[in-house]
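In what comes next, chain A is part of two complexes: it sits with chain B in the first one and with chain C in the second one.
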Partner chain A sequence: MFRRYFLPRFIQYLVVLIVGMNMIFFIPRLMPSDPIESRLSQMTAQGQYLDPAAMEGLRESLAELYGLEGSMFEQYAAYWKRLFSGDLGPSFSQFPTPVVELLKSSLPWTVGLLTVNLLLSWIIGTILGAVTAFYPDSKLTKVIEILAMGIRPIPYYIMALALVILFAFVFPIFPMAGGYSMGTKIGFNSRFILDLLRHAFLPLMSLVILGIGGWFLQMRNVASNIVEEGYVEYAEASGLSKTKIILHYIIPNAIMPQLTGLAINIGFIFGGALITEIVFSYPGIGSLLYNAIIAEDYNLIMGINIFSIVAVSTAMFIVDMIYPLLDPRIRYQ
Partner chain B sequence: MVRAIKDLFRHDKKFRFGFSIMVFFIIISFVSLFSPYDLSTWNVVPRDLSPSLKYPLGTNSMGQDIFWKATAAVKNSLLLGLIAALVSRIIAIILGLLAGYMGGTVDRVIMTITDSFIIIPLFPLLILVSSILRASLDIFVLGIILGLFGWANDARLLRSQILSIREREFTKTAVLSGMKPTRIIIKEHLPHIIPLIMATVINNIVWVIGMEVTLSVLGLSSLNTPTIGTMIYWAQQYQAVFLEMWHWILTPIVICVVLIISLYFISTSISTYLDPRTRVRMIKGE
Partner chain C sequence: MPVLDVRDLKAYYITDRYGRISRVRAVDEVSFQVHKNEIYGIAGESGCGKSSLLKVVSGLSKPPLRILDGEVIYKFDDNELNMLSLKDDKQRRQLRGTHISSIPQASMNVLNPVKRIEKSFQDFVSVHFEINNKAQFNEMVREHLSALGLDWDIMHAYPHQLSGGMRQRVIIALATILKPDIIFADEPTTALDVVVQRGVVQLIKKINEEQHNTIIMVTHDMAIHANLCDRLAIMYAGKIVEEADAHTIFHDAKHPYTTMLLKSLPKIGDESERESAPGAPPSLVDVPPGCRFHPRCPKATELCCKEEPQLIEIEKGHRVACFHEGGSR
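What follows is the complex of A and B.
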């Protein structure tokens, strides 16, 4: 069990981390444009005058900040040393706050939003899939199917923008942006929680609408094969109520691929819903990244990259370790 | 190939819908070549006009004709999709075939790297890349970059397909009859994977178009090239929603949604067609 299941997965986990960290290290260095020079030319373009000596000093301190001093090999060693000590350096735009601090304060927002989204869309999609598979000829099934197929490929950004236009501008029911109203005290009271929910509603909607489609289609595919099985026909013939058949015969037999998908997606929660957060200025990791792009905060962009790779692959690894407990086929192997 | 399209067109409503719209968009792309204005310069027509006979979709606050800009946007976005799909297909096909045919250590190494690409969140990485390149990100560079990021899932898919046809009867017949391996791959196996590759091409284009919109909206592409994404970017910059200039903001959004849905419909009907069980059901007239 250990050698056949856990060890290969652990090796895979390490490989993912190594590949990911190397990509983050090498991509900026293989680019034709030099971040230091582009930063400097930006400063001079903004009209700041720098004499050559100051320019040289600035170049050096930028090189140190970016981790770009010394030979490629020295940089590489320093990079790994920094990774192991968990030090992602300071943010430039909010100097000297460490990148790690910024990540810590935005993480709860992202994780909260995405966890609720994942559970909601998973439950709704799974139930819809099972029910429509049981009634394949109903008009409603056809409508749901067309909706699911039509909505699924729409890019997140477009969906979010459409919802903002519709429910925050044309019908101003929900706030346009933010995680909570300005001036509201953060605390555990009903006013704050209500405010929180009101702000989370649209971002959540945009994610859930797009999320349901995938879960629905997968569940429907599996469940429509189950419906044709003998034991379902037998249950129908013996006069069991339809709800009972769906709950006790169809869902349990079609749920395994759904559970696998759920497990995989738990990992991606830590990757963040960047676009959704950006459109709604939701104060999570996505917004942090967006502000980093605007401010050209190179260190913060790198930090978010490193964080999301480590977090997603670690979460996946943990899920992989727990998963055999759920799936009897792997447990008995 | 032609027969498959004819079959699909006759029997599958979704395909008919998607295919007709795609033909329409392709015609639109060619129409853009006859634009009376230079589409990357500003103030060539009066600003802020509502749709009229002379300006079918009105003009925007930058003094550009929205109709002609939209035609160029469709052309550029489709072109971008094709470039990216081409690059990523080349990588996916080479790696998928290598892993599938060589097996053993080669297979294991390639698949471990592929799996890493599947797990690693690529979107922040893409943002890192494009925030460094920013201004030099024209259609070709962006296409190549998106191509370098979008191959992993399909390499895995192709490999599994190769593994299954390699074990089939006709391969053994070909081997026993003394056919050379390269000839078997080209003559016997390639025809089996080409339809699958076509379906992945379309899915990839859908992904690329969505990605372009996302990156452009963040301001991370060459913003004077008209694409669906940059059209939305400029409309947002000028607060088209607050000015209630719906003809400006909704044009790219509607184009994007219709384009993506029709591509998605084409790809799902190709996959249904590839599966012999569902193909029979489809042609029987469901």
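What follows is the complex of A and C.
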């Protein structure tokens, strides 16, 4: 089992990581612009005068900083060496803070927000999908269906903006921006947690409402086929209770695509919710990435990308390992 | 005394598509009685209403199949009840398993693919009894399985690990674990090869002998009926056209449709070509007037095209619906 199932998938996982890391290394180097030159021209454009000697010195130190010194091969070796030591280099825009530090401070915000969102919307969407598939003729089913189909196509940034305008501006119930109020002491006390929840509520809602719609529709599609399967009909004919049929017959058989989706989205948590975080000025990975792109902070962009590649592929690998436990028909082969 | 008495049962599939109402007359004024401990067969071509009849009688009909008229009366230990007047889902659920049970078509996957067989047994038994004592439950299942000649090991298998024939035997074991009074078998042998069919037929016979219950068997396969049934009803276009004990049906059939069906059966030693029944069964949306069989009947007369023959008893236990066999209007 170990050799036939685990090993090939582990190798696949490693290959994905290596290819991803290589792409992160090569793609910026294939770009026509030179980060050092663009940095220098930016400085001169701002009116700084540098004499040629100072210019040359700056060029060298920038090359060292960017990891661009030496031949391509030397750079490549240095890149891997740095990866293995967990060093993603310093950020340029917030020099000399290491990229890892910035990731560490943004991560809890993003992970907190997106994990709660994912779990809430996944659980509610999945259960709603299974139950409505079992009662296709109920009035409530029709209402939920119409709502889901209406909500699902709304772009999430429109939803975010609409919520901000409605509940932070027109009816100022919730704060408009930020992760917590200025001047609140960060700590484990009820006042801070309450403040945190108040700030997280709108971003969370903008994601959860759309998330439920998506998970619901996917689950309902699969489950409405399962409901017509012989084993559900026979369980009904044999007098099994409806809760038992939903929990033991419909959900376990319809859950596979949901789990795959869940796994992929667990990985995406670490990539941040870019636009949502920008709209709500939420201090997460998404905002960090946005600012890094604006500031041409190559190291930071690369760091965030490396981080999300590792997170997504690790999540997929773990799910691959769990699959056979959930569906006996998937063999260890 | 009959355990099941069906009177003038009428059930149509009624669908309304954008105001166009279509009525499929699947079961039309069907009456029959089934006695205790007998195996009652229902035969007929595909689409003649056999399965619909079974669904209505076993209380599993769902829209668009609607029951318009009739009574389905069961007698269990001196308790008489009308299946069609049970409004409560709970009451119906209580009947299933202990009193009524069904064996579905072999081609259907009735076992939950992601759970072991053991779990299905637990689920089905726990509808009626709380399983407090695992050892006692295991003993009960083990006894039942060995009575049916099945191995205990199948309990730990997943459905996809069993062959089609094995799966059907497991389903039969599952359907009979609570020793139901009446078992409805809807084409239990379709999709199985003949050798496996024989095993399944023998298993059903064994259950009938050991549990002393009543089996109602629906199939289009006359060979299965010949092997298994005590009495036999022939259905055509939603109606019973002939009913008698199996021996009479196979040796002294009266209705032209029954003789037509039997002519198509192969016989050992007879090398002449089998005759196929000409024509096709009518659409149940607009059934022919008069006798429903008259367009295909070699004996059809003008009367057959206009009037509908009633199912009447021509000799003890032998009912026929045909003007040529003493039928009346």
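Brief remarks on what is shown
Note that in this section the second predicted complex is superposed on the first by the 275 of 333 C-alpha atoms of A that agree within 3 Å, B and C clash if a C-alpha of one lies under 4 Å from a C-alpha of the other, contacts with A are read in each partner's own complex, and residues count from 1 in each chain.
The rule we apply is simple: a contact is a pair of C-beta atoms (placed from the backbone, for glycine too) under 8 Å apart; a residue touches a chain by one contact, two chains touch by 3 or more.
Predicted model only: the values in this text are computed from it and were never measured.
Residue contacts after overlaying the shared chain place A:95 against neither chain B nor chain C. Look at A:135: by the touch rule set out above, it reaches neither chain B nor chain C.
After overlaying the two complexes on the shared chain, residue contacts for A:253 are found with chain C alone; chain B is out of touch. Applying the stated contact rule after C-alpha superposition, one finds that A:6 touches neither chain B nor chain C. Applying the stated contact rule after C-alpha superposition, one finds that A:240 touches chain C and leaves chain B untouched. Of the two partners chain B and chain C, more residues of chain A are touched by B. Contacts of A:26 after superposition: neither chain B nor chain C is touched.
When the two complexes are superposed on chain A, none of the residues of chain A touches both chain B and chain C.
The touching residues of chain A, counted against chain B in their complex, run 12, 15-16, 19-20, 23-24, 27-28, 31-33, 35, 149-150, 152-158, 161-162, 164-165, 169, 267-268, 271-272, 274-275, 278, 289-290, 293-294, 296, 298, 301-302, 304-305, 308-309, 312-313, 316. Only residues 58, 60, 92-97, 101-102, 104, 108-115, 119, 123-124, 127-128, 158, 160 of chain C touch chain A when the two sit together in their complex. By the touch criterion stated above, chain A contacts chain C in their complex at residues 229-231, 233-235, 237-241, 244, 248-249, 252-253, 326-329.
Remark: chain B residues 14, 112-113, 115-117, 119-121, 123-125, 127-129, 131-133, 136, 206, 209-211, 213-214, 217-220, 232, 241-242, 249, 253, 256-257, 260-261, 263-265, 268 touch chain A in the complex.
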